[in-house]
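Take a look at the structures below.
Look at the two complexes coming up: chain A is in both, with chain B in one and chain C in the other.
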Partner chain A sequence: MRVVNALAVPLLLVGVWWLVSGGSFYLPSPGRVAAAFAETWFSERVLTDVLPSLARLAAGYTLAGVIGVGLGVAIGLSSGLRAAAEPVLEFFRAVPPPVLVPLIMLFAGIDNAMKVAVIVSGCVWPILLNTVEGVRAIDEVLADTCKLYGVRLRHLVLRSASPQIMAGLRQALSIGIILMVISEMFASSSGLGFTIVLFQRGFQIAEMWSGIVLLGLIGWGLSLVFRMVEKRVLAWYHRA
Partner chain B sequence: MRSLYGVAGLLLLMEAVPRLGLVDERFLPPASEILRTLGGQLVTAGLWAALGETLLGWALGLGIAFCAAVAAGMVIGTVPGLRAATNSTVEFLRPIPSVALIPLATLLFGASLGSTLLLVVYASFWQVLIQVLYGVAAVDPVAVDTARSYGFSSWTRMRRLVWPSALPYIMTGLRLAAAVAFILAITAELVIGSPGLGLEIQIAQSSGAVAQVYALIVLAGLIGIAVNVGVRTLERRVLSWHQSVRREVAA
Partner chain C sequence: MLELIDLTKTYQGRGRTVTALDRLSLQVDAGELVCVVGPSGCGKTTLLRCVAGLLPYEGQVRVAGRPVTGPPEHTAVVFQEYGRSLFPWLTVRQNVELPLKEKGLDRARRTELVTESLEAVGLAGAHDAHPWQLSGGMQQRVAIARAVAYEPSLLLMDEPFAAVDAQTRADLEDLILRLWQRLEMTVLFITHDIDEAVYLGRRVIVLSASPTTVLEDLKIDLPAERDQLTTRSLPRFAELRGHVYAQIQRTKQ
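Then we have the complex of A and B:
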């Protein structure tokens, strides 16, 4: 029953797609997109375009995580620093991350460093602000007890803040994927975003759709992995 | 009061770094010059026209997505069996990054409002839908049964019970969607070239007007803050009867 429930609507949608697509130029049939998918992405493109994109995303995301949590803990623990930094941080978070692409291109050119810098500059704010929020909300009695026993950073601060940190990391992941694609669409000669735009400009419609599907699968897969990691990290929190 | 120190410190730093030659002035103009450029831009008609385009795409897209998501969420959440049947589809479609649709938008609409709307609607629809589903699931079942045994029609139940119970969730969805919609509106302009603030930034960048790029980014950030504050105010106003807000005001 559960399998039927999970598959019925997707099958129905593919069926509708198949019916609607007959002869349409912009919407090739599911079969043609699947064929284009196999042909396009099960080739050396995986090595030249897909993996470098994912590697840049991983590098930028990790770096943003380290910077965000590190700074967030420092700011969260000091109330003076927090009061001074908060409006500035709120401003940076409110800046739509894609506008930083042209700016960072000025500094870093159009190579790998630029793309990683773009991802870091967009991902760091939600992580940072959520960490500050989480560190601030540490239970005071718990904090005093831990001070007496001499345990602090890892077991108290990071642990109590971890639900918020994970929430920040989740927001940052979707921003990171967006920026990975955009930085490549803007100025690049390789990568997923670049390739898909190339297909679109060449009117290779089925290939373009296969790229959209691949991006969708990547987004879906990464959110699945994230949920698994989150479940493990926060197992103690959800049990309580 | 302290919060002013932070802003003042940042401005001072942005003024000092280029003036002392730590970073090339061509890449990072001093803060005073950025603000002067912004001031100069604010009196031009072109900037306000671009701003209007951006906000139009944002508001229209957000409105369409909100109405569609609330309607879909109410139906999916209240018709028995539909929630389970659509779960896998929603969970698959939701994490698809909306920027994946950029090439499609370019083909279908070119550099126009339509492209902006496609991206904005797709991105913000899921944010609202998920919250509506949570909200409908959180409606007190005893209240539903009571309403039913009093013979309320399904429309009255929806209007008088499900909608107010789910409203706090729906407002959370609207708040998240408003921020995402703004990001996507700017993105569409920046990458596809639909008219608006994003296009202005792109033009300024390719013509090497660095101070103007910074000025427009500052403006985008200020609008982002205004969007957040505005939606939060709306949320508090709409939910003024709800205990979470009432408690906040009392405290």
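Then we have the complex of A and C:
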């Protein structure tokens, strides 16, 4: 029953797609896109385009996580730092990350470093701001208990702030995927975003669509993995 | 063991300044069990937090001869907000064990202390539960178990039995008396229950209403061996209780 429920809406959508697509050039039928998918992505493109994209995403996301959590803990613990940093943080959070791409290109060129830098520049803010919030919300009595028994701060701070940190990481993941694609659309010779633009310019419409489907699948898979990790890390929080 | 000289604590709020403690002086010898009673809001928790090194203060506070600037060594506290003092991501056993780990005890000794203290508070079956799976009274007993497992030389308790039923409360009172005698620790016990103060205390400190000072330092001349039934039915017990009651009534005027 659950399987049926889970499949009902996707099947319905594919059905509607199939009905609407009849003969349109810009919207090929599901069958054609599926064929293009197999042909395009079950090939060495996995190595030349998909994996490099994912590797850059992983690098950027991890880096953003380390920077965001590290700075977030420092800012959250110090009211002086917070007063100084908060307006600036809100400003940077408000800047839409894609507009930073041309800017970062100036500094970091057009290679891997630029793309990773773009991903970091977008992902770091939600992680940072949520971490600050989580650290600030640490229970006072629990903090006193730690001081009293000499329990190291590390134990308290990261665990206590983990619900907010995870929320930040979740937001950052979707931002990261978007930026992974956008950074490759600007100036690139490989990657998913690059390939999709290439297909579009070459009027390989079914192939272009298959790239979009692949991106959707990647996003869905990553959020599934994320949810599994989150469930383990926050088991105490969700049941409390 | 514990010396307070002219302890003063003023909270500065926006437009509101509260003098919670006003030149309060108090001495507790090593190995004494002293109960503190006073009207609600008079500054009992404030007093305890100053002694625990968790609040800045004016005046002098010394524990074992050393001025208190941060949490003193070998000191355990059971907070009034006991539920919030437990780590929600740890099990009951881990909650009790964590301070012992930080103290550097080896595994065998830790297991022994954890098992012993949880059994003493009647939670032998709850080792693997998380705090949020327990009732308020059970959480309070975990906090007590954690404090006694730590084997402190100074134990500070802030209304530790407020959330348990009468029978459990009597059991826990006797547990504290037993542990106090066995471990030779100094206990500062805050309560709003006059009966409890007279039953447990070798001395009862009555605090005045805010701005708070010591209204009376009363020696409890009951037999050293306390027993829920016989001690509480002594005429002297009733006298002392009546005396403390009258004092507290006076603070309200």
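Here, the second predicted complex is superposed on the first by the 240 of 240 C-alpha atoms of A that agree within 3 Å, B and C clash if a C-alpha of one lies under 4 Å from a C-alpha of the other, contacts with A are read in each partner's own complex, and residues count from 1 in each chain.
Quick note on the criterion: a contact is a pair of C-beta atoms (placed from the backbone, for glycine too) under 8 Å apart; a residue touches a chain by one contact, two chains touch by 3 or more.
Nothing here was measured: the structure is a model prediction, and the numbers come from that model.
Under the clash rule set out above, the superposition-derived model of chain A with chain B and chain C shows the two partners fitting side by side. Contact comparison for chain A: of chain B and chain C, B touches the greater number of residues. When the two complexes are laid over each other on chain A, the CA centres of chain B and chain C sit 90 degrees apart as seen from the CA centre of chain A, to the nearest 10.
In the superposed model, A:M228 makes contact with neither chain B nor chain C.
By the touch criterion defined above, A:V46 reaches neither chain B nor chain C. Of the two partner chains placed by the overlay, only chain B lies in contact with A:V101; chain C stays clear of it.
When the shared chain is aligned, chain B comes close enough to touch A:V9, but chain C does not. By the touch criterion stated above, A:V141 is placed in contact with chain C alone, chain B being left untouched. Contacts of A:Y149 after superposition: chain C is touched, whereas chain B is not reached. With the two structures overlaid on their shared chain A, chain B and chain C come no closer than 13 Å at the level of C-alpha atoms. Considering their complex, residues 5-10, 13, 26, 80, 83-88, 90-103, 105-107, 174, 177-178, 181-182, 185-186, 193, 196-197, 199-200, 205, 208-209, 211-212, 215-216, 219-220, 222-223 of chain A touch chain B.
On the chain C side of its complex with chain A, the touching residues are 49, 52-54, 70-71, 75-77, 79, 81, 84-85, 87-89, 98-99, 102-103, 130, 132, 150.
Those residues of chain B lying in contact with chain A across their complex are 2-3, 5-7, 9-10, 27, 84-89, 91-93, 95-104, 106-108, 182-183, 186-187, 190-191, 198, 201-202, 205, 210, 213-214, 216-217, 220-225, 227-228.
Interface of chain A with chain C (complex): residues 139-142, 144-145, 147-152, 155-156, 159, 162, 236-237, 239-240.
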